[in-house]
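In this document, chain identifiers A, B, C and D correspond to the written order of the chains, with residue numbering beginning at 1 in each.
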Amino acid sequence: MKMLINGPDTVVADALRGLADAHPELAVDTEKRVVVRRDAPVAGKVGLVSGGGTGHEPLHSGFVGHGMLDAACPGEVFTSPVPDQMAAATAAVSAGAGVVHIVKNYTGDVLNFKMAAELVEDDGVEVEQVLVDDDVAVTDSLYTAGRRGTGATLFVEKITGALAQEGAPLAQVAAVGRKVNESSRTFGVALTAVTTPAKGSPTFDLPSDELELGIGIHGEPGRERRKMMTAREIAEFSLDAILDDLPPGGPVLALVNGMGGTPLLELYLFNAEVHRILGERGVQVARTLVGNYVTSLDMAGASITLCRADDELVRLWDAPVNTPALRWGM
Amino acid sequence: MKMLINGPDTVVADALRGLADAHPELAVDTEKRVVVRRDAPVAGKVGLVSGGGTGHEPLHSGFVGHGMLDAACPGEVFTSPVPDQMAAATAAVSAGAGVVHIVKNYTGDVLNFKMAAELVEDDGVEVEQVLVDDDVAVTDSLYTAGRRGTGATLFVEKITGALAQEGAPLAQVAAVGRKVNESSRTFGVALTAVTTPAKGSPTFDLPSDELELGIGIHGEPGRERRKMMTAREIAEFSLDAILDDLPPGGPVLALVNGMGGTPLLELYLFNAEVHRILGERGVQVARTLVGNYVTSLDMAGASITLCRADDELVRLWDAPVNTPALRWGM
Amino acid sequence: MDPVLDAAFFLRWLAAATEVMDREGDRLTELDSAIGDADHGINMRRGFNAASDAVAKEPPDTPGGVLVGVGRQLISKVGGASGPLYGTALRRAGKSLGDADHVTPEQLRDALLTAVDAVSELGGAAPGDKTMLDAMVPSVQAYGAALDSGAGLTQALAAAAAAADEGAAATIPLQARKGRASYLGERSIGHQDPGATSIALLIDAFARTAKGDADE
Amino acid sequence: MDPVLDAAFFLRWLAAATEVMDREGDRLTELDSAIGDADHGINMRRGFNAASDAVAKEPPDTPGGVLVGVGRQLISKVGGASGPLYGTALRRAGKSLGDADHVTPEQLRDALLTAVDAVSELGGAAPGDKTMLDAMVPSVQAYGAALDSGAGLTQALAAAAAAADEGAAATIPLQARKGRASYLGERSIGHQDPGATSIALLIDAFARTAKGDADE
């Protein structure tokens, strides 16, 4: 499998150099592998740190900036970062008001962030963890590691980021993050498997006329494989799974997210089906975001995330943000 | 080839619906196939219209908004739009100050825009055409249809858009557009061929250990095929071709652009090589943009565009813009 | 007996042309895939179907009316390089026929020459540049030469079709200098030009329409 | 004769473990590709090479020092689920050995039990959940049982290796309930757990180190 790289071993380091070159407004430590707002720590502000395996770009590094994350820790490809990175990031953004760790629910991320929190708490930094577990494809949490964290991470990072930027205290920032997570559900499909630089071949075989329903963002196969479906059928299947589980309520924020290898054209087309179906079911969409935000390298496919949002959440969603990948209002 | 579509015939129409659903700030006429700023025509402002085949998203529809295009006309996939669309778009944005047509140099785009200009000029609208032909992969313009228009289109649309937004008159807006085009050069490579919905299979065969150098954005094969190269070698080859032809001068704007199927991670990595080489050659980079902006559906690959930019061009580049795909300063 | 070149004849040609685009479109797209962007058959199919539909709604009653109507539809439905070229060629050819309710084989020759001029002017290509002109020019010449040597319409159109076919085949060894294929430089050599091929199909549709009428 | 469990022994084990991760990493990744995210071999290779490098720079002079050092390196270089689990297991095992310059086979058993406890506590998995525990638990049991029945170190480690191997193989029919493989539900059945497999390789490296020493 061909890639635009110099070799599998230097992918993360090389890409971090390129991120630094493109974004002078970010402080990128390519040694320690942390990406930090240049103006961090922001006096009096709760710090926001997230991180995870590399390969989901722009998540998380692309969401560092005013009104969103203060720092991100990119791990190896599809491998959670190590506690040292998280501790360094936490220290870099800690302004005395505490730090929130936004952690996607994967065994590796949870364990490493837990160890990092212990390290920095030893140094007197107060840490709250917000766990993101929105993926309804993982159903039975008694017999699994629990639902995965996927698309809702963007909602959690944006909305906690807005509240932190306003100067809210640690407990309140963490609480809104948990509320966003509890109000969000995601379902994803893959049309092709992903190829990691190190492995160099697709992580699973997917026949040319089938798709995987309920995939994650690490090239894991999904729960179910079917004959290829139309965009409308896929949207229907995904929304059935999501709406079945989504708490009742008013309008939603919608993220129609590409997995990386699907053209924007198809994502907009998919969005049309999502809106048509939500309209038919009487679900009002307050805001829509379409694009490649929580990706899985070159995987073709898409995910839908809905978040029930009251006026406060919509207000925080609309609040100014200035990051490489999400920018508005300033 | 699997795609997230309902069928090859409705791709453009379905995607336009999805664009409209996601962007209430745009007026999307799915019948006439024109995408217009909701506040158009802006009193006293020169109108800016572009368009081209569908399949290059976010180009052009994603660049409609404050400080950039007033309207875009999406054609069928990889097929220039028809004069009726362009005429409708021109009429919709004409505020009496004239309209600039930004046209990528392809026989089809040039001919159709020419016919459209004749139509609207009959109705008394003054039209200036800015032709974009930045692709140095097409060398000998005596024996070709001339250089193709590719990545520089983004620079032309952004910078003319900024000047028009400031209220500059028609001749001046067209002149800055031509200046940007003359100051820009692009070179692109493909790691895979593109698959169009109608054809359903790759438009050319590319062995798994080779790449195409000097590709366009319509799935045309390139000028040369080589054994796969590293990101650094590809950047070197591309920049050799660009710098050979780029007018001398001061700092540059750099666009490291994905063709659609290449993960953002690889684009940042590629950007690192671009910056390293430009640094070695003493070329100063004033601004960098990395991402999928001028794409070719699912094609894996990337292009580099450099534009020599004096202080005025940098100022116009930095000016506020608010479109689906490019947004800053507001 | 040679058919009369009235509106009905041109409507039968349109039906035959539409049918052949439906049938051969994939081959045209395949040719365009080798040296272009893999849409020529799709473009032609969309254009001729739109033209057939439009004309079926309000059938023109003159040859000129049919050709102008088809040309307009191609201009406003096809896009790409071929839309304006084909469309303008047919529109101008139709206009040159005025509003006569039938035309002579010689008037058709003049109309075809008008079409050739339209393509040359608009696209700026010369014969040998590996474009549709490489089928049009020899075809119109052969048609005129046949008329000059006393052939009837059916025979002259058969000669035109044969020459268009040869002209299309003769594009294979050429290096393209216009249109998208020119970007390939020497790599365009060895492939038949899709536009020249669709021209040959259209002229063949004329010849077959005439022959079908004549055989009746 | 059974080797002495001193720092040098554990350093030889580390070399053997690093070598086996280099050699068998691709197989581990392949196993992780079937039911995970295709990185387990890469993770183990990165971690053990980092540990070997770090330890080569400043070789610890106690068994506990080696294990703590390896554990720390795994924690700060591996990431993923296996980094903290392996790393904490080895770090706590090493700590339990204190700063003795050599340890008894019984003390090694206690250290291994400490490792099992660490993994259980941190990861919350139980035997049968299709994780590395399914190789660790029977392996430590077999080791202890061998010692109890009077076997020497080399023999007991051979028993531990065999049991780890069996334990890893026995994960094949299981449905995963922890870690990434659990997302697959029933589709995780029929594949061997990568973490259990790497545990078996590590214990085998212990057994081979002891046997190599004994054979000299």
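Keep in mind that, in the parts below, contacts are C-beta pairs under 8 Å (C-beta built on N, C-alpha and C of every residue); 3 or more make two chains touch, one makes a residue touch a chain.
Predicted model only: the values in this text are computed from it and were never measured.
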Any chain in contact with subunit C as well as subunit D: none
Smallest count of steps, each to a touching chain, taking subunit B to subunit D: 2
Centroid comparison with subunit A (C-alpha atoms), farthest chain: C
Distance from subunit B to subunit A - Cα centre to Cα centre, in angstrom: 29
Whole-Å separation of chain centres (CA-atom averages), subunit B against subunit C: 33
CA centroid of subunit A to CA centroid of subunit C, Å: 55
Touching two or more other chains - residues of subunit A: none
For subunit C, residues contacting two or more additional chains: none
Chain contact graph, described as a line, ring, star, complete graph or other shape: line
Each pair of chains that touches, named by its two labels: A-B, A-D, B-C
Contact set on subunit A toward subunit D in their complex: 53, 75-84, 106-108, 111-112, 114-115, 137-138, 140, 143-145, 148, 196, 198-199, 203-204, 216, 218-221, 223
Contact footprint of subunit B on subunit C as seen in their complex: 29, 33-39, 42-43, 46, 75-85, 88, 122-123, 175, 177-180, 182-185, 187
Residues of subunit A that touch subunit B when the two form their complex: 1-7, 11, 14-19, 21-22, 54-55, 57-58, 62, 191-192, 208-209, 211, 228, 230-232, 234, 256, 260-276, 285, 288-290, 292, 295, 297-298, 300-302, 322, 327-330
